[in-house]
Every structure is written in structure tokens, then in C-alpha cells.
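Presented sequentially are two complexes of subunit A, the first with subunit B as partner and the second with subunit C.
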Partner chain A sequence: MVFHLDKCIGCHTCSIACKNVWTDREGTEYMWWNNVETKPGTGYPTKWEDQESYKGGWKTDGKKLELRSTSKRKIVPNIFHNPSQPSLDDYYEPWTYDYSELFNAPEGDDQPVARPVSMITGEPLDLEAGPNWDDDLGGSEVYAANDPNLDVLSDQQQQQMKAIERMVMFYLPRICNHCLNPSCVASCPSGAMYKRGEDGIVLINQDRCRAWRSCISACPYKKTYYNWSTGKSEKCILCFPRLESGEAPACFHSCVGRIRYLGNVLYDADRIREAALLPDDALVEAQRDTILDPEDPAVLDAARRCGIPEGVIESAQKSPVYRFAKEWKLGLPLHVEYRTFPMLFYVPPLLPVMSVSEGDLVRSDVDELFADIEKARAPIAYLGKLFAAGNEGKVRYALRKQLAVRIWRRHCTVGDVDEAAARLALNEADCSPEQADEIYRLSALATWDDRFVIPPFQREMAMEMIADPHEHRSAAGFGFRDAPRRS
Partner chain B sequence: MRRQAVLRVLVLPAFLAGASGPLRAQDAPSEETIAFFRQNCMSCHTIGGGRLTGPDLKGAHERADEAWLVDFVLDPKGVIDSGDPYAAEIFRDARGVYMTQVPGIDRARAEKLVRLIVSESAKEKSEFAGLQVSDRPLTDADVARGRQLFLGAATYQNGAPACVSCHTLSGLGGLGGGTLGPDLTDVYDRLEGRKALAAWLGSPPSMVMQPVFEGHALDGEEILALVGYLKSVAEGQEEAQPASTLRFVLLGFAGAAFLLLLFDFLWRKRYRATRRPLLRTSRHAAAGSHS
Partner chain C sequence: MNDYVLFGVLPYVVMVVFLVVTIQRYRMKAFSYSSLSSQFLENQHHFWGSVPFHYGILVVLMGHVVAFLMPKAILWWNAAPLRLVLLEVTGIAFAVLTLVGLVNIMLRRVSRRLARRVTTPADWVVYALLLVQVLSGIGVAVFHGWGSSWFATNLSPWLWSLVTLSPDVRFVAPLPAMVKVHIVNSFLLIGFFPFTRLVHILVVPNQYLWRRTQVVIWNWDRSRVRSVD
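Coming up: the complex of A and B.
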């Protein structure tokens, strides 16, 4: 998966699509499998990046990889209550409105109002938190000011980010990252969680989940949620029923800005462990190294030997994720320092293109139009903390390349940029004109088929491993999950 | 219909088996009956050894007829409460202590017991004249040892459990003893003194104590020591009962508070909340900067 943040307009269509399809049930009202956050901000649940209190992800001393939240030793004294989970207050109490008051109110001097009522208790509620309460820097004195990632900036830089005409924000849509090294799966005491072999989707088996809620503490992205009605945990399933029939997930499909890309990659699972033991600033590169070149004959040979179907290999070769994350090195994982190796790569936002006005005219000479990324409103250090575990070089590289592509395209389409200057910019950004055109095409012109390369899922083959299809066909049907018992 | 018929077939033989045969007089009492008597009766009764808690049974069949005795043994409380004049007299003599319902008693067994009493009464010196606990005077050493035995500080020779695990006394201090069995503060008076108390301790007849002490009988010296201790408790008894209950409750509260504080300390790094503290500190900071 790739999210191109430069294109996200923060419309929340993805969140609504997901909510309508999956979390419109009792017990799931507060869940947002997909949510869109404003950065800087504390996000949802509040300050989820603060692993000092939530204890998500892995920690390492260079030799051993351990969950931050639990271990065999810690689980005994905490057996009756799994600590370090966000409370309902840290998410928000879901509410609806009592619309009947609008219609049934007696005639009076004031307009009738619909009171908010809790969707959990049914009682009237004073609204003071929501899943995107800090949207567009709302309440930033409280929320944006407490963004844990701002720690890397000096006080002066922080003040600058708030200054008028310097203020900056961008959107960060988040879903489950379907990590390579998922800490939620590792923490589950019931063995209910698994990463699906054929496509890497991380799922919770609803029959085996025993409500320990270990995954909720262990997931550093806080993307597993506890359903208080069924007593099971739930999470983003990457719309696998849609994927299996060749459709894109609901949030991908509905994305207005077309920022989302989906495709499979071939990776070497044996490298994950040693990669996760490396120091923070080597993690981005280490994760890239686990992703293999689908054109390399040795890789293809190994893939075929492992029984990966030809159709899956073909789609890996066309995968936009491989382009962005590995080939062009534009896609970066969110908070890779949690060492779960998220498989959702973000193209960092190139913020903002500033125009400089002189009188009634807008200056359009190249130097001013494409300011140096070092002078960008969002400090590189801040983006580095988010997308590269502090390794600013990785973010700088991605931003430079994006900027070079813009300069190159300006040369091609408007023509007010000197070709030599454009080529120089590309050269400095480690990008050929051909690559620049490809990046431009996949970023700006991509069609549905370019953005979503969905491999054939071979569910019929996967099914054969656990059930005989002919027998399954005669035994399955509409009705009970378990056969009704005669008494 | 069929089920009812089956039930009837099953019930009929059971009923036949339960019916008792005619009384056969003058059979020698069986070993089993003697053991039963020893186990269940001798803590309160003797035959020719004088009265303990209950009356001396020598010649009991002359004071009341055998059928009455059988009925009484089967349900002592029922007969006493029915207003029977002789039963009332016995009850008065026993200072209002009901005879306990004997565990495992049935009509056949009661008849055998009555016949045992008849045959033993005829003897000059019955073997059931009572446990011969020494008559020596009780010393302070007995009291001290009795206290140790009661509290479990010293162990019984045959491995019987310490009294304090089920019983309490006034003035025990701390949380007191167990509450499963009755308070033994005035048991010395209740059982009318040394002899009866010693007999009780020799073979405890109550439903609960009997199986517990089976095979772990107390030794004569141990009994004396306990009697000495219980006597001293009964004599030195203060009116401390309500205070000890209050102390128990207060100690409970204090213990609970201590445990809660301990848990709070052990889990002091637990997760509490994020959003509310955030609001509080931010508002604080804002208020500070405006003023």
C-alpha cells in the first residue's frame, strides 16, 4: 500500500466509506479502521504515538527483540487486566443526535436544537472529544501542541510552525499497516491473530479471540479495537472479501484525491528478524532490503520454487508499491522505529508551494516557485521523525526527487524552465528524465488499473488446503455457523 | 405409563429390604454396635460411670420403656420439643443442652444400642464406665500447654488439627480463632465441668468433628491440658465479646486498605489516562500565560 500525502485533501471520504461498510454495528461505533489525522496533532486515539504510556510495538537492545507491552513474565501479574490500553475517553464516546426534538419541539422563540446523545448509554452528552477533534489544527493549543513528534524540534522551530503565514499542516490518513513484523500477532495469547499467507493481510479470528486485548496495547498504531458488544477485538481487514473478487478496498476505491495505491510485493521473510535488530536510522533501508526485485531471475526462481502462483508474480512485477517504495524510494513507512515494519508507505508531502505576490502580480520565476525544501514550512526533522525514525536523509531524498519531477514537468509543459536547469535538478535528485516521467504518470495520471494491481487471490487453492471444495459446497449454506444440535 | 411401572418395580424391592425384622432379644451385641456406641455416645454418657453431659445410662430401660428409648435416640430434639414429660425432665437435668442427632442413626441401629444398654446395665462393672482421665489437680503448666495446643503452637501426638482453626475464645487477640465451630469461651461451664469436657474431647461426637478426629484421637495428657486451659478461660472470662467483633471488622478494613495501597504502589506505572491530563495541563499552561 502507498498513500501519496501530497495529494490528500483531508476530505475523510475514506473514513466514511469504511464506517458505512464495516463499523456501523453495535459495539463498533467508536472504531475508525480508517481515519484521517491532521499533523501536527495528537490523532486518534489521543496521542497514540506516545509509546511511553501505550507501550506499543517492539523494543530491542540489538540482540533481542521484545514486545514493549507484554512478556511471559509480565503477563502473570497483569492477568486480570491488560494494562496500557486507551480508555473510551482517549478514543471518544460515540454519539448521535436526538433528531426528533427538531420536529416535535413546541412553538417558541428559539430554534429547536437536536441534543447529542451517547450511542453507548443513550444519555444526553456534553461533547468534548471526537475522532478528529483536532482536524485542521482545531484546538491546536491543546492538541497540535502536544504532538509527540514535535519533540525533535527546537522551541524556535515550534513557534515558527504556529506563526501566521508560516503555519503548516498536512493530512495523515491511517489504516492498519498490515505490518511485516506485527506486534499485535505476537502478543495474542489466544493465537487468534494471524498474517494471511497469500496476501499478508493481518486478521483476527473471531472464533478464537478471547478478549485478552493484548493486541490493543501491543499495536503501536492503535489499529485494533475492542468490540464491547461481541467481546472480541476487531481491526481493518483490508476489505479482503472485495480483494478476493478483484475489487479495491472501500477506502482505496472511494478516495477522492486518488492518493492510494495497492499492490503486492515479494519479500524475504528471513531477513525481517535481523533487520528489526538494527538501530533506528538504518530501519528504513533495512525494510527496503527485505523487499525483493520481482524482475531478478534468482528471485523469480525462488518464488516459483516456493509455489507462488504465476499470476501473483506477474502482479508483483506491475505493483505500484514496488515502484514507490523500493525503486523510486519515495514511499516511507510511518514510525518504522516501532519495528513492526508497516507495509503502508507514505510519500511525504511537499509543503507548500508558495507563491510570492508583488503588488497585483504573482511572481513565477522558478527560484521562488520551487523554494528549497530546507526552507519548507514543515521542518524536515519533523517529517523525519514521522517517516524515517529520525533519518532525515531519507525524507530529504524523497522530497528532492518530488521537487525535481515538478521542475522537470514545468519544463516540459510550461516551458519557462531552462532544460539544463531542469536536468541538473533531476541529476541532483538521483532521477533520470524517464523515471521522472514515470513518477509523474503514476502520481498524476494513474488510472484505476495502474493504482490497484490486485493479484489473483487463488482462494480456491487456499481453500483446498483446509477443506474439500466439493464437500464444502454441499455442507455450507445460509444459516448457523455451528450445526444446530438436536436435544 | 411405562416409566411409572418401572419405578414401581424398582421401589417395591427397596421397600421390602428396608423393612425391619422382628426384635430378637438377648443377642450378644455385635462388634459394630460396640464401636458405634464408643464413637457416638461415650462423650456424653457412661454406663455406670456417673453423669457427664447426659445422664448415666445404667438402668435407663427401667426409667423408660425400650420403645420410648428407641424413639428418643432417633430424634432427641423432636421428642423433647413434643412436650413429653420424662423428656422434659432429662432436658432440665442437662441444663438445656439438646442431645445431638447421632450421625448415621436408623431404627435398626437404635434398637441395637438400646439392647446394648440393657445388657451392659446388668453387669457389675461395664466396660463403658467412662474414659479414665487422671483426677490429678490441674496445674499452671497444664494451662500453658493447653493454650499452645489450642493455638496450634504445639502439635497433637496423633496429628489432630489445632482447635483454633475452627473455634475462637474471647481474649485470643489478633483476628481471633475460626468461626466454623462455636465459641468455646464458656464451654467448661456449658458441659458442666472437667469430666464431661474430658469425655467430649476423648471422642468428639458432633457431625463435623467426628470425621475430622477419626484416627487422630487426643491423648489423655493432652485432654487434661486442654481442659485446664478451657477452665482457666471460663473462669477469667471478661465481657469482651462485642469488642473483639469490632476489632475484627476494623482489622479487616485496615487490611483491605493496606492491600489496596500495596497494589497501587506495585502498579504505580500503570496506564491511567491521556486525553484528560492533556486538557488539564494545557489549560493550566494557557491560564498561566494569560495572567
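Coming up: the complex of A and C.
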């Protein structure tokens, strides 16, 4: 998965698509398997990135890898009360309105008002917080100022950010990262959570989930949620029923800005553990190293020996995720320092300076067409904390390359940048003209088939891999999940 | 006669109900096999109910099981008065811990609006039975002392007579009323067990301690996988 943040317009269409398909049931009203946050901001649940209090993800001393929340050692004494479990207050209490008031209120001088009522208890509710309460409040002293990522900035940098406050913000759409080293799976006492071998989707077996809620504390992204009504944890399933019928997940399909890319990659699971033991600033590269080149004959040979079907290998070769994350090094994992190795890569946003505030005035007279990324509104250190575990070089590389592609395309289409300057920019950004054209094409012109390369997981074919269809037909009869036998 | 019904027949009725319903519920409705946690809805008061209750009842229950399985060992231990007092005091202390937890659990379920939302009538049956059980247990320990010894001499033989399908209620008949309440109520608890949240006891996640850290499940039979294009 790749999310191209430079293209996200923060419309929340993805969130609504997901909400309407998956989380409009009792017990799931507060859940947003897909949500879009404003950065800087506190996010959902509030301050989820503050692992000192939420205790998500892994920690390591270089030799051992351990869950920050309830590891095997810590589960026994803590099983009766999860010490790092977020509660409803950390999200928000879902509500609706008592619309009947609008019709039934007695005649009077005032407009009738529909009171908010809790969707959990049905009682009237005083609203204190709700979904996207901090939407677009990039300069807010309440929300943006409490962003846990700001602590990497020096006082001076924070002052600079404040000087241009209310102008710095970007959107961060988030779904389950379907991590390579998922801490939720590792924490599940019941063994109900698992990663599907075929496509890496992380799922919760609802029949085996016993509501110990360890996954909720262990997931550093807070992307597993507790359904208070069924007593089960639920999470993004990457719309696997849609994937299995060749469709893109609902949030991907509905994305207005077309920022989302989906594809599979071949990776070496044996490298995950040693990669997770490395220091923070080596993690981005270590995760990239686990992703294998799908054109390399040795890799192909190993994949075939491991029973990876041809169709899956072919889609790995066409995968836009491989392009962005590995080949072009534009895609970066969100908070890789949690060591779960999220498989959702973000292309960091270019936040060019468009205007300068002088006292109460705003002057929009920036001379250069493409300002230097060092002058971007959000400090590189802030983006580095989000997308590269503090390794600013990785962010700088991705931003510089994006900028170089723009300069190159300006040269190609408008022509007011001369070729030598454009080539120089590309050269400095470690990018060839051919690669720049490819990046441009996949970023700006990509069709459905370019953006979503879904391996052939079609249901009927999946069945062929489990059982002989002819045998299954005569054994299963019509419409039964189990064979129609009495015993 | 009454004694025979309560201590010779009821245990068997209860055990049949327990076994049949427990197994059938697991087979038909594994989805419901857990205690519906409400910590997500109310996270503060929860600690003061759940933690003391569980630690208390685990120790107390373990004491009962040991006395049932190894009555001779208990009698040997109790032969020295100091050890007897130590055992009794420990038992009472953990029983009081259980009571504190249980009272907190019930208060929380009444007073916190979100916890109330997910509390069912079946939960109240469980809480009522548990309250009777814990109160009568503490009552027995305080008013009919040295229970650890006479459990070993009277109740263990009776329980073993039940196990060997030759119920002998003479061991129980002469016991005080409060002890009888405690015993009958315990069988009611076992009888209600499979219909309530108590089934979570049967699915404690012990396999977690030795399973592999990560779980990967393949639907494909990778040894027989074929090209799908």
C-alpha cells in the first residue's frame, strides 16, 4: 500500500466509504478503520503516537525484541485488568440526534433543536469530542500544540513553526498497516489474530477472540478496536472480500485524490527479526532490504520453490508499491521506530512556502518557482519523526526527488526551465529522466489498473488451491459451507 | 430426605447440565465463549473490582481443590496449631479480598452508566450467587472455625463418594446450616456456569505462553499450488 500525501485533499471520502461498509453496527459506531488526521495534531485516538502512555509496538535493547505492552512475561499478572488499554474517552462517545424533537416540539418562539443522544446508552449527551474534532486545526493551541511528534524540534524550530502557524498542515489518512512484524498478532493471548500468508492481511478470528484486548494496547497505531457489544476486537480487513473478487478496497476505490496505490511485494520474512533489532535510524533501509526484487532470477526461483503462484509473482512485478517504496525510495513507513514494519508507505508531502506573514499581513511574493525543500513550511525534522524514525536523510531524499520531478516536468511541458537546470536537479536527486517520467506517470496519470495491481485471489481460484473443485462440488452440495452430512 | 436431594441428587443434575451445556455451547456458539469485558467503557473503577476479585477467588478456589484432592496433606499441615492458624488466616484474608472485589464490581455495574449498558440479567444472577457464596464462605470461616481440617475429614470423603457414584450424605448431614448453604450455592453456581459469562474460565489463554510469537495462516496448499493465470 502507498498513500501519496502530496495528493491528499482531506475529503474523508475514504473514511465514509469504510464506515458505510464495515462499521455501522452496534458496538462499532466509534470505530474508524480508516481515518484522516490533520498534522500537526493529536489524531485519533487522542495522542495515539504517545507510546509512553499507550505502550504500543516493540522495544529492543539490540538483542531482544519485546512488546512494550503485555509480552508473554507480563500477560499473567495483568490479565484481569489491562494496564495500557485505551478507553472510550480516548476516542469519543458516538452520538446521534433525537430528530423527533424537530417534529414533536410544541409550538413556541424558538426553533426546535434536535438534542444529541449517546449511541451507546441512548441518553442525552453533552458533546466534548467527536470524530475529526481537530480537522484542519493545524495551528491550534489545543490540538496541534499537543502533537507528540513536535518534541523532536528544537525550541527555535518550534518558534519558527509557531511564527507561521495556521499555515502548516497536511492530511494523514490512516488504515491498518498490515505490518510485517505485527505487534497485535504477537500479543494476542488467544491466538485469534493472524497474518494471511497469501496477501499478508492481518485478521482477527472472531470465534477465537476472547476479548483480552491485548491487541488494542499492543498496536502502536491503535488500529484494532474493541467492539463493546460483541466483546470482540475488530480491525481493517483490507476489504478482503472485495480483493478476492478483484476489486480494490472501498477506501482505495473511493479515493477522490487518487492518492492510494495497492500491490503485493515479495519479501524475505527471515530478515524481519534482525532488521527489527537495528537502531532507529537504520530501520527504513532495513525494511526496504526485506523487500525483494521481483525480477531477480534468484528471488523468482525461491518464490516458485516456496509455492508462490505465477499470478502472484506477475503482480509483484507490476506492483506500484515496489516502485514507490523500494525502487524510487519515495514511500516511507509511518513511525517505523515502533518496529512493526508497517506495509503502508507514505510519500511525504511537499509543503512549499507560498507566502510569508509579516505581522498581520500576508505577502505572497516568493521569487523562486520551486522553493528549496529546506525552506518548506513543516521542518524536515518533523517529517523525519513521522516517516523515518528520525532519519531526516530519508525524508530529504524523497522530497528532493519529488521536487526534481516537478522541475523536470516543468521543463518538458511549459519550457520555462532550461534543460541543463532540470537535468542538474534530477542528478542531485538521484533520478534519471526516464525515472522522472515514470514517477510523473504513476503519480499524476495512473489509471485504475496502474494504481491497483491485485493478485489473482479470486474466490473460485482460491478454492481450487484448497480443494479439487469437482471433488468439492460433489462433497458440499448446494449452498453449504460444510458438507450436508448429518454427523 | 432433603439432605439426600440436596447433596446426593443435585450434584449429579448440576454436573449433567454443566457438561452438556458447556460442550454444546462451545460447539454451537464459540463466538459467545468469553466474558464480555467492559474495561473499554469504564477504565478506573474496573481495576478495584476485577483485580482483587480474581486474585482472591483464585487462591480461595485453589485451597478448596487442594483440600479435595489431598485431604491427608492438609491434615498433616494442620497438625501443628501455628500452621493451622496460618492457613485459616490466609484463607480468610483472600476471601475478604474477593469480597472487596465483588462489591466493587457490583457497585461499578450499578453506578457507571456505560458499564450498566452492557450488564445483563445473567450477570446479576452470577453476582448474586457469588455474593451468597463469598459471604457464606467467610461466615463459615469465622463462625465455624478450622474448616480446613473438617473439610478434609468430612467434605472430601463426601465429594469422593460423589465421584465414585456412591453418594454418601452422612458426611454432610450433621454440618451447620451455613455450611450447607455454601455447598448448595456452589452447585447452583456450577449449574448456571455454562449459561453465563463464567465460561471464560475455560478459555484462559495458556497456549500463549508457549506458542510462536507470530501467527501466519496459509489457505493455499503450497505444496500443490498451481498457476492461477
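In the analysis below, the second predicted complex is superposed on the first by the 437 of 487 C-alpha atoms of A that agree within 3 Å, B and C clash if a C-alpha of one lies under 4 Å from a C-alpha of the other, contacts with A are read in each partner's own complex, and residues count from 1 in each chain.
Assume contacts are C-beta pairs under 8 Å (C-beta built on N, C-alpha and C of every residue); 3 or more make two chains touch, one makes a residue touch a chain.
As the structure is a prediction and not an experimental result, all values here were calculated from the model.
Since both structures carry subunit A, what do subunit B and subunit C do when superposed there: clash or fit?
clash
Just subunit B (first), just subunit C (second), both, or neither: which does A:42 touch?
In the superposition, A:42 contacts subunit B only.
Quick one: classify A:129 as touching subunit B (first), subunit C (second), both or neither.
Once the two structures are laid over each other on A, A:129 reaches subunit B alone.
Mind telling me which of the two, subunit B or subunit C, contacts the most residues of subunit A?
Subunit A has more residues touched by C than by the other partner.
Is A:146 in contact with subunit B, with subunit C, with both, or with neither (first, second, both, neither)?
After superposition on chain A, A:146 lies in contact with subunit B alone.
Is A:87 in contact with subunit B, with subunit C, with both, or with neither (first, second, both, neither)?
both
Name the contact category of A:307: first (subunit B only), second (subunit C only), both, or neither.
Touch status of A:307: second partner only.
Once the shared chain is lined up, is A:50 touching subunit B (first), subunit C (second), both, or neither of them?
In the superposed model, A:50 contacts subunit B only, not subunit C.
Counting contacts the way the document defines them, which residues of subunit A are shared by the two interfaces, the one with subunit B and the one with subunit C?
Correct list for subunit A: 85-87, 89.
State the interface residues of subunit B toward subunit A in the complex, per the touch definition above.
Listed in rising order, the residues of subunit B that touch subunit A are 266-267, 270-271, 273-276, 278-279, 282-283, 286.
Residue numbers of subunit A touching subunit C in their complex, please.
Touching subunit C from subunit A are residues 72, 75-76, 79-82, 85-89, 120-121, 123, 181-182, 185-186, 188-191, 193-198, 206-213, 216, 226, 228-232, 306-312, 314, 456, 458, 461-462, 464-466.
Going by the contact rule at the top, pick out the subunit C residues touching subunit A in the complex.
Touching subunit A: residues 30-31, 33-43, 46-47, 50-51, 53-55, 113-114, 116-118, 200, 203-205, 207-209, 211, 213-229 of subunit C.
Could you please specify the touching residues of subunit A with respect to subunit B in the complex?
For this pair, the touching residues of subunit A are 42, 45-47, 50, 53-55, 77, 83-87, 89-90, 129, 141-143, 145-146.
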